[in-house]
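Here the chain labels run A, B, C, D and E in written order, and each chain numbers its own residues starting at 1.
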Amino acid sequence: MSAPANAAAPGKSLARSRPRYGEYLIKAILLIAALVSIATTVGIVTALVEPTIEFFSEVSLGQFFGSTTWGPLFNPPAFGVWPIIVATLEITLIAIIVAVPLGLAAAIFLSEYATPRVRRICKPILEVLAGVPTVVFGFFALTFVTPLLKDWFPFLELESKNALSAGLLVGVMIIPIVASLSEDAMTAVPNGLREGSFALGASKMITSVRVVVPAAFSGIVAAVILAISRAAGETMIVAIAGGFKSVFTLNPADEMATMAAFIAQAGSGDASVGSIPYKTIFAVGSLLFIMTFAMNYVSARMVQKYREVYE
Amino acid sequence: MSQPNVTIRGPEVPNTPGSLDPVFTVEDLSVFYGDYEAVRNVDMMIGRREITAMIGPSGCGKSTVLRCFNRMNDLIPGAHIKGKILYHDENLYGDHVDPIEVRRRIGMVFQKPNPFPKSIYENVAYGPKVNGIKRNMDTVVEEALTKAALWDEVKDKLKQNALSLSGGQQQRLCIARAIAVKPEVILMDEPCSALDPIATTKIEDLMQELRQEYTILIVTHNMQQAARVSDRTAFFTAEVDDAGVRHGRLVEFDQTTRIFTKPSDKRTEDYITGRFG
Amino acid sequence: MSQPNVTIRGPEVPNTPGSLDPVFTVEDLSVFYGDYEAVRNVDMMIGRREITAMIGPSGCGKSTVLRCFNRMNDLIPGAHIKGKILYHDENLYGDHVDPIEVRRRIGMVFQKPNPFPKSIYENVAYGPKVNGIKRNMDTVVEEALTKAALWDEVKDKLKQNALSLSGGQQQRLCIARAIAVKPEVILMDEPCSALDPIATTKIEDLMQELRQEYTILIVTHNMQQAARVSDRTAFFTAEVDDAGVRHGRLVEFDQTTRIFTKPSDKRTEDYITGRFG
Amino acid sequence: GGGDAGTEAEPGATTAASEGAETAPAALSGEIKIDGSSTVAPLTQAAAEIFGEEQPTVKIAVGTSGTGGGFEKFCAGETDVSDASRPIKDEEKANCAAKSINFSELTVAVDALTVVVPKENTWATCLTVDQLKKAWEPAAEGKVMSWKDIDGKFPDEPLKLYGPGTDSGTFDYFTGEVNGEEGASRKDYSPSENDNDIVNGVAGAKGGLGYFGFTYFEENMDKLNAVQIDSGSGCVTPSVETAQNGTYTPLSRPLFIYPSTAAVKRPEVAAFLDFYVANINSIAKDAKFIPLNAEQEAKLKSDLTALKAS
Amino acid sequence: MAVLSTPKSAVQLASKGRPLKEHLFRIALLSSLAIALIFLGMLLIYTLEEGWGRLNPMLWENMPSIRRPETAGIQSGIFGTLWIISLTALMALPTGILAAIYLEEYADRGRWYNKIIELNISNLAAVPSIVYGILGLGIIARWLQFGFTVMTGAITISLLVLPIVIISAREAIRAVPPSIREGSLALGATQWQTIWRQVLPASIPGIATGSILALSRAIGEAAPFLMLGAATLVRFNPEGVWSSFTVLPLQIYNFISQSREEFHVLAAAAIVVLLAILLVMNSVAIWLRNRYQKRW
């Protein structure tokens, strides 16, 4: 037998040769980096909380949620928040009506039908669409889409700023989110399920609609929820093409201010620090933050649930 | 030693090769993935109401061949065949043939149990539904589950999610699902490899039952299993051609008893005696 | 039939059980994943410069046990052990023991070859580098590749990406990589299951070579392989306890020749004769 | 980062500075921060641009946060000069005082708030202040929805109202003069910081009615008609003359800038203000504002001198 | 025994006229995708056509002007954007990547604080950018007294893109097969050695791709700057982090808000420039991804 080449002679201790402080230090640095995100949330909450509390010490919750007249900057001011909530929901709804069918269909196509080549080309293009700055969508809505809609559908009596074009463009903006995340969810559906369905004589359409989509359902819901929160918080498109009129209306041909548009308008404008109108910005900001937080919490739960199914 | 050393508990094979009543006749089949010829020049016949096993080392093309029988390979971009597979004298790859119809007639069970993430009932009812079968669905489901020897275990929880079943139960559910569309043939690709011994025994017993009504083709890594359950065995191996490319080849196809007792090819013998693999 | 029916080509075992010179002594080892006791009460010894094989049906805990020997299980959240593993009389799970030092002494080769996506040279040099070995790296690399019987095949393309090698070459590269840090023991978890027969043969031959210098522990699904290469064999199986939970158990541990010719346990016999698995 | 980002501006520096105004010492530097009314901004921006041609190394940033927003930053010490389309309010003064920021008010231009209707509108050539109030007062909200509701003689054309956002000095001024109280206005009109939206809105609806600064009207005379205003002594057309001589009431108003006393101590700020005031009427012309009349111009100059002396 | 399987004679494998529905479905799917893509095309063509007249060197050689839109440029916007983006890259990328490493390689998922960090990050990714503007205004500009400077803008935008960077970096790190980690650890490497020498190099292309996409989102943001009240007419390029500044999207927003038609042309031209920068960044990201994707 040849001479032992092993460095590890029996008996040599397995104890640590030297302490590894570096490893601890690194871990600490990494943790700190991760905590920056917590600090961000703390910062947002801090920025929002104080003025919001002050706001509600002067304006009752009843006034805030119990009336439908909004005009914190008018004289006398009105603090019924519903008009801007309704406008936010309406524009979000229009956006969802545009984005969910189109985005989902595009996702099904990319995940189930497209050849790898087509997918390789189309996904990045969708990503580009996702990267188009929202001012650009706003510009396009205001100077191209609205005039076009006025031409084509004069009976709608569109105002020059209106919820309809803003909503449409917000919808287009979120198509890539819906499409790309749903596609991810569908691609994550194990191939075995598709094969199982095909092997039973199901067609591609049936397999897509009855097996893949239900199996990816919670992922799709998560995608839609994220898209909704993006739509609800979108500022530039609604500021440019949706307008600032804060009137309680359901007519999408009307101009209407969403919550984000209100913040943008009031935030870049008059209200002096400490005045009630100024605090209104923060109260509305808090509301928007809570709404997106709630939606995202639901979405996170959905994603968690669907991960559990296949892992 | 050249004498076989695997337990053979396979059923008696009533058919001599001459008496084989073919459901499929494979003629000079080659299968390609793009340019790569994964399997070359296979000739074999699958007998009605027999269990035919396909064995061989990993990568020799067993799954590839199996998936030709119900045109599952159509789903892989670039996959195509040369040669013919006749199903009752009709070319499976003929122009007018609808692969969806083919798959309805020829069911398949996969290596990893793949129930849909739906209720047990819906899993079984899915096939009949998509095929527009109008019979009373409850009856269909019960019948299929009974045949798959699963009815007693699940009859009280048909609404429960299929993923809550154990691996072995899931695999039997997949068999039930396949049976529910009343196929003539069932293809099985290593149906037990993800299961424990007890579940494996159950599936093997079930296969013996099903053999009364169905033609079964099974791919297995487990020689013992092939020996235990099959009537005929096809032994595949991979050969490297002059250009250094590996191709799957059918080495020997015969009654299981013969393959395991008197293989006519040296490579078969080496494989079943454990000299390689 | 109770007589063995697997070819045994294992090397002569010079040591009788009494003469076993233990590198590891496993005492009443149980391994847990969280609350789940995956393996229960294992006692065995690993002899110096021997090849010890661990066989058994899927899920019986072979990999789990193997990964205790170099504390790879530490990386799985919730995994912990009861009992002891002594490495040269030192408890591997003692308080002062540094798992990183353990892994340096006890190398490991995985089921799927997992070379780093770097050059061949860097793959081999990586271990010595991270362990601060100061010797001439070129020599270290050449030595390790030579021992792994790969030097001749790769000496002209050391700068090439390791992923461009064939599967068998990649696996030998992984062995070379393990050897380069001069471990005493090499653990192998189904090192050939992803390889073709020719590559498998090469690795098996290599194991016989390495046995001159290293203690080797190998997990394999392939009984023939265990029989061919190992000096001793441990047979594991999974038992279901009263609560219906499956636990891996060591059924029998003995010289390979005995395990395959005169197993003392009925379950071992059933397994190696192919009655289950 | 790289400190070379600004070098592009440098080459022109010496040449432009050499022909500089008499008060400006050669090559000043530093940054002047200005914010405030979007109405006044074009004037200040024009001043900054022309001044920049002579003093390219002085960096002037002009923001448009609105009069109130401008004062907010100004009184927080964040800006040097604040543009305003209304005089500073008492609470804003208090804010400034709290931070001990002193300032003075300079009237740099006058504006004629112009009430506009689209070209198709043939009926509203002249409106009384009462009629305007009828259209704009808070009580009109949801009730006065047609031109007919303003005056029975007008056609029954749906009334579409456009105006500046609530945070602009223009809004404060208009509501103060027409509705009697600053900020008192019906809420169901389309507000916009962007006067262009008002132009488009009014031009695009037959029943449109809006108001904004005279400058914007001049730029859009092809799309809009200006309404004459009758405050009791007959209809007056908004124009340079009527604004300058004060006959266009009550909607002509002064526009201001508020430099802080501390900032004026800085040579670049002083130089800028000197330049601004010295060339006020040519800047106003350039920016299409209504220039000051001689009397106002004289007052402006003396105000600045007083400020610099303080 | 009951013969339930298809009798031999009845074999008929021809299709049963199912394809029409299938085709319609497929066409519907394809057109949905096409609509999204055509829309992008229309947007590009429209802005290009609108801005064509102003796509000349004056655009990037000149400063914006309120008086002469026909010769005005967007240089200060371009430089402001470059400043913001560079600083954001310097701040958000390292932080994001380190956080991603922590979450993927070190964090014990079961711990409540790690769960909170995870939930928090996914929540932050959904927080509207205008709310980040409030953060920048209230905390960074006012409370930290950083004022309305490049620094404030860059920190705000860094925080805005941080969740995106973290999420994409995590995906890239997760894509490195565990076998690589095991291989390294089994050789006696420490965890950090494994990460630094194996995991990070292997995931760099993915991280780079994600980072570029995150930065390209940052380039297009206008809403937070609106809250921060960045000046609208800035006729100089920032000289340092404490300088006033403007960014392209805000510049565009202001041009859109002007009444003279020339400004709209200018806005369109500026949009073309902005989109061109974005396209370049996206192309680099795509190129990186295609080049290095899936090597194992």
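Quick note on the criterion: contacts are C-beta pairs under 8 Å (C-beta built on N, C-alpha and C of every residue); 3 or more make two chains touch, one makes a residue touch a chain.
None of these values were measured; they are calculated from a predicted model.
Following the contact convention of this document, A, E is the list of chains adjacent to both subunit B and subunit D.
Within the contact network of the assembly, the step distance from subunit A to subunit C comes to 1. Ranked by C-beta contact pairs, the top pair of chains is A-E. Rounded to whole angstrom, the centroid-to-centroid distance between subunit C and subunit E, based on C-alpha atoms, equals 47 Å.
Averaged C-alpha coordinates put the centre of subunit B at 34 Å from the centre of subunit C. Centres computed as Cα averages put subunit C at a distance of 83 Å from subunit D. Note: centroid distance subunit A to subunit E, computed from Cα atoms, is 14 Å. Shared interface positions of subunit B, defined as residues touching 2 or more other chains, are 100-101, 105. Counting partner chains per residue, subunit D shows two or more touched chains at residues 65, 69, 76, 193, 197. Across the assembly, subunit E contributes 18, 190, 229, 256 as residues in contact with two or more other chains. Pairwise chain contacts in this structure: A-B, A-C, A-D, A-E, B-C, B-E, C-E, D-E. Within the complex formed with subunit A, the subunit C residues making contact are 23, 49, 87-88, 90, 92, 94, 96-98, 100-102, 104-105, 182-184, 212-214. Interface residues of subunit D facing subunit A in the complex, by the touch rule stated above, are 65-69, 71-72, 76, 91-92, 95, 138, 160, 165-168, 175, 181-185, 187-193, 197, 200-201, 204-205. Taken in their complex, subunit A has these residues touching subunit C: 1-2, 4-8, 10-11, 13-17.
Contacts from subunit B toward subunit A in the complex involve residues 70, 72, 75, 77, 100-101, 103-105, 107-108, 110, 112, 114-118, 126-127, 130-131, 163, 174, 177-178, 181.
Of all residues in subunit C, only 1, 4-7, 57-59, 194, 196-197, 200-201, 222-224, 227, 238, 246, 273-277 touch subunit B in the complex they form.
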